[in-house]
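Each of the two complexes below includes chain A, the first together with chain B, the second together with chain C.
Up next, the complex of A and B:
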């Protein structure tokens, strides 16, 4: 089977923002204390009377056209046949070009070795037929390992970006998202309405 | 040499995750979730993965210490022999002076859910009748509410939630406090279930719901009454259930007829059309289940709030059926032998003149957990306090009052792993092992899984388990004063575990607890409670509540913002504060303030504010959010917060409405404090 581009499918309708993925990865890779390959951002914006709130979990996107790969002066990065972007610590001199060039700030400099480290999609686990640590640990399956080329032709509930996230497509990140769904919300507005009239008013608590 | 051990997280959490620990040359090199765990399926939580670093944290204290002057920070290392001898001699002196041990107080709580930590209670039982801080300031309210309504607090198994067609999550944020449970919420949702979240704040859980209802904090009972009234008015009732299995429905109905929906709308700030909408949703189909979170029980009407919320299940006939019921709490999985509890002082001390006010029997003097300001007024006063698996300065209301109490008690002993904010006020610090350094058993109160925790590594430094500390102290006391303690010092850890587990063996289908090392076994409790509709109330039926206090409470204008806490994914109460491994996660301890309110006060994201009320003040950065209503501020606790604040400096000691009928004290209303704030 030829695998052209491995990547992540992230479902914002399942992600709990619990950070288990970040920590499972850090424990699995034995990362130095306080360093992580993955981030979770709380996304929140109010549109009319609806708050779009979700969490976004991101690591290296194993881009189709990775800037890190293109710009590394030591040619320390390589792209596997299945699209996984790997890094050779023997060639790396920790110059940080990759960390500055990556739009997703995925490569980080290991403050102990001075060299770059980043998500390698747990390629050794994948080669053994297992799931990457972050995906395996997610209690609600918000992350999935996909073949990007296959997913594109599929359902229309897959999108390339989520609301509030800057659209970066130049590097062709191997990242797809489920379309965000928000339920109905009955928000309290009375105090905020008062506020718009220039003062905070609070009613007695009828607890 | 590399070994793999079975461990289990001993934190006070529903999941009690099984862990596989990889040990190389006597050092833990990796931990991972154990895939045989049928509840966690091998995934831990963010803090769970940080445990290895907690074991080897540079902040950990692994030698006994004595503080020369409480709160001075002037600690000196001492030997175990010296520490236990000085403490033991003081205990003996107290008894010689008072002819009883009531001036000795034990404050042990839930920091370690391993059953061997019961040995701390066991030790004090073995020396005399003392003062004990007991019961949970949290679940006593809720458990008592359900005791009144059902006769006992029972719940379905976690996975029964997947059978529900409507799930109402009321005042809880399982996305961060019970992540594994969300699997079943989503399983139900994937099959078409509707998820309703009722909460003052748009939490991570609320953000994933089909309907989020933002309730004014503390008005849960009123909202439940309003929904009940609509169910009654529109005849959305399960008449068969009401007629056959409930008690006092007619008077509850008569009461509902007297209340005015528009008044309840005004109080709860949930519009009448939404109240009707909720009533329609919870009655349109069966089964409907309710997740009762900790939020409601921490308010002054939380107990009756729970009773009326549970009435919604009864009115719609969602009790005793698969996929229905109330997911809250039960003690049913904890039927241990109680050998530590059963320990009695030697005959010599039982002739002490201690008369219980009620019946003249000799027993311990009890005071509710967290009630430190009340501890100060006891006669005879406390002269020696032993704190184990607990951090009351951080967790009890009014931290300053707790510190004052600790300062006034002659000798304070804290047994812990880290120099907690309570340990700062101790005279002796006794270093305790983590679960990786001792054998134990944890039985989950949520999924009932029973797991053996193997000793994976030797104790770090001079640390001892709570059990070993108590055993050593018992031995020493008997040397100093023969016959002082009846603690059976000759029994080993495994003998104790085996004794405590005897009643559990048939329920687990095992003959020896070590069988649990490689097997996931659950204490055998029915998946669906109340299936026979035989309730344990006096009437044998579900009993509707009958007393409602609908008084208005005048808000203190000086402090206009209600203070609510958000438990982060990276801490469990004050545990995991010392975990540097989670410290870089993108969350900082902060106060979350409504965006419009912040704008009106010219406060920008990250601004530093002083939060204050009649009790004290704390300083922390601001996060602006639309998810928090304008009259509420939310303190978000991250793993970085030990350095600069004690949130409970602002939390008043206020009783809830229930708790002292089935326990020794009412619950505490942690969510009933108000603050104001200004740029610092």
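Up next, the complex of A and C:
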């Protein structure tokens, strides 16, 4: 049985670091104040003489080999047929094993309930044919929902890791990235111009 | 025509094979597309023993209808002629007759050609039935492997319906190979393990075997599983499949714990690949490696950079070889002579390099606690280069 693994495709050339994805997620999930499923990091990497600067938006990677799922003593996590890792709050006792075992530190403990909470890829929305809140809210379409297995064999400008992204990939995160392009700030300006005109066009080869 | 009638009446492939073998007065073997023996009949009582697979050696012959070859048995080399049962673009199996092509009369060839159509229909039906059965079983196995069910009672009911052995403990075996060979690997699994049929499925281009360990005492579990793996590898070798990686989990007490075992088997497989531990990897034998990557990735990276960072920078700046020297030194159990030999350098050169390494990392290579840190950092570095592809 071949199962589809859903995941995120993130385009660092488009991300403005505006945090709209974080806020849309928090509002949609009614998260307590100060708690988020998604983070934005300002990455600055030196490669040779080049200094790469970009924003990195991350949340739960819905890994193919999720450690949270393996180690949960209460068996409170499950994986759907489309690869989304879900959490059952009724089984969870908030022991925190999952938060410690995830290499990406994606699950967090809810201060109010004392139980773990994590990104569920807005699976109800996906079932209704809609996009997850973070993806729908992104003004520059830097995030996309993809089928990992399909995208791996299709695009050659897509990579498993970016400079600065955590190197350890043994859990097989369902996350892919567009390759970084030099001069992406210029690209962002052109995106903003195009958005004002009501259309989203990219000049991918723009430097 | 008679065979067609027999098939329509509901005769099995074994009955058809018996009929054909009696008419030919030769041993006839029918295999599916993965060379698994589905039926065979020996009207001459030759005493030739058949295993689960018939290893065909493909030979192109002038006559396109059939090919011939030689089968190595304990009784010596046996000639055979085989007729591919296929339609354009799809092979369903082979009809193998144990004799040389010279021994085949024209009428016999014609008879086999006619029977091929009947076999084609019978094999197609078998294939369809297998696929339908696998679909039902795969759905339930998936729910078990991903803890994706609402009621334990319903799960056990479904398992009972499929005649699965529900008594634990269990172990899981995950096999990875080339994508186009996956179905063959699934079919190549030994039919019996611990007197019950292993449950098998394919999940994300990996074959998963669920093995029931009921009544096996714990000290014999590993040997019993190894026996299963040995048979599996032998069956795969019959199909010319050698490039496989296998991960084996620890044991689960109940069906409802299997999702954790499944992850363990996958982790064992992945770690085996990362650290070059060989084709077959038991999760329980992974030692501390199984804990390493469950720590925060950020912390692991920082640890690795703190220990090895200076060596990496030194190597980059001076185009030196200290990191690899250190790796080989650890691999060679800190043996100076063996490391020097493996690196093709003089022992004194090696000693100088090790001194330089000690200065750079500010650790003492004769202290076990320092060596452990270096060893762990090297393992994390190996994880870094593994991109999961």
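Please note the rule applied: the second predicted complex is superposed on the first by the 176 of 207 C-alpha atoms of A that agree within 3 Å, B and C clash if a C-alpha of one lies under 4 Å from a C-alpha of the other, contacts with A are read in each partner's own complex, and residues count from 1 in each chain.
Here is the rule we use: contacts are C-beta pairs under 8 Å (C-beta built on N, C-alpha and C of every residue); 3 or more make two chains touch, one makes a residue touch a chain.
Since the model is a prediction, treat every value here as computed from it, not as a measurement.
Enquirer: Which partner does A:140 contact after superposing on A: first (chain B), second (chain C), both, neither?
Expert: first
Enquirer: Name the contact category of A:79: first (chain B only), second (chain C only), both, or neither.
Expert: The second partner, chain C, only.
Enquirer: Looking at the overlay, what does A:170 touch: chain B (first), chain C (second), both, or neither?
Expert: In the superposition, A:170 contacts chain C only.
Enquirer: Which of the two, chain B or chain C, is in touch with more residues of chain A?
Expert: B
Enquirer: Who does A:90 touch here: chain B (first), chain C (second), both, or neither?
Expert: Neither partner.
Enquirer: Quick one: is A:101 in contact with chain B, with chain C, with both, or with neither? Answer first, second, both or neither.
Expert: Second partner only.
Enquirer: Which holds for A:155: it touches chain B only (first), chain C only (second), both, or neither?
Expert: neither
Enquirer: Which positions of chain A sit in both the chain B and the chain C interface?
Expert: none
Enquirer: Quick check: in the complex, which residue numbers of chain A touch chain C?
Expert: 1-3, 5, 64-67, 69-71, 75, 77-81, 100-101, 103-105, 149, 152, 160-161, 166-172
Enquirer: Touching chain A in the complex: which residues of chain B?
Expert: Listed in rising order, the residues are 29-33, 40-50, 52-53, 175-176, 179-180, 182-183, 186, 195, 202, 204-205, 207-219, 222, 266-267, 269-271, 274, 299-301, 550, 552-555, 557, 560, 562, 569-570, 580-586, 594-597, 600, 625-627, 629-631, 672.
Enquirer: For chain C, which residues count as touching chain A in their complex?
Expert: The contact residues of chain C facing chain A are 135, 138-139, 142, 146-148, 201-205, 256-257, 259-260, 263-264, 266-267, 270-271, 274, 293-298, 300-301, 380, 383-384, 386-389.
Enquirer: Spell out the part of chain A that touches chain B in their complex, as residue ranges.
Expert: It comes out as residues 13-14, 16-20, 22-24, 26-28, 30, 33-36, 39-41, 44-46, 51, 53-55, 136-140, 182-188, 190-192, 195-196, 200, 202-207.
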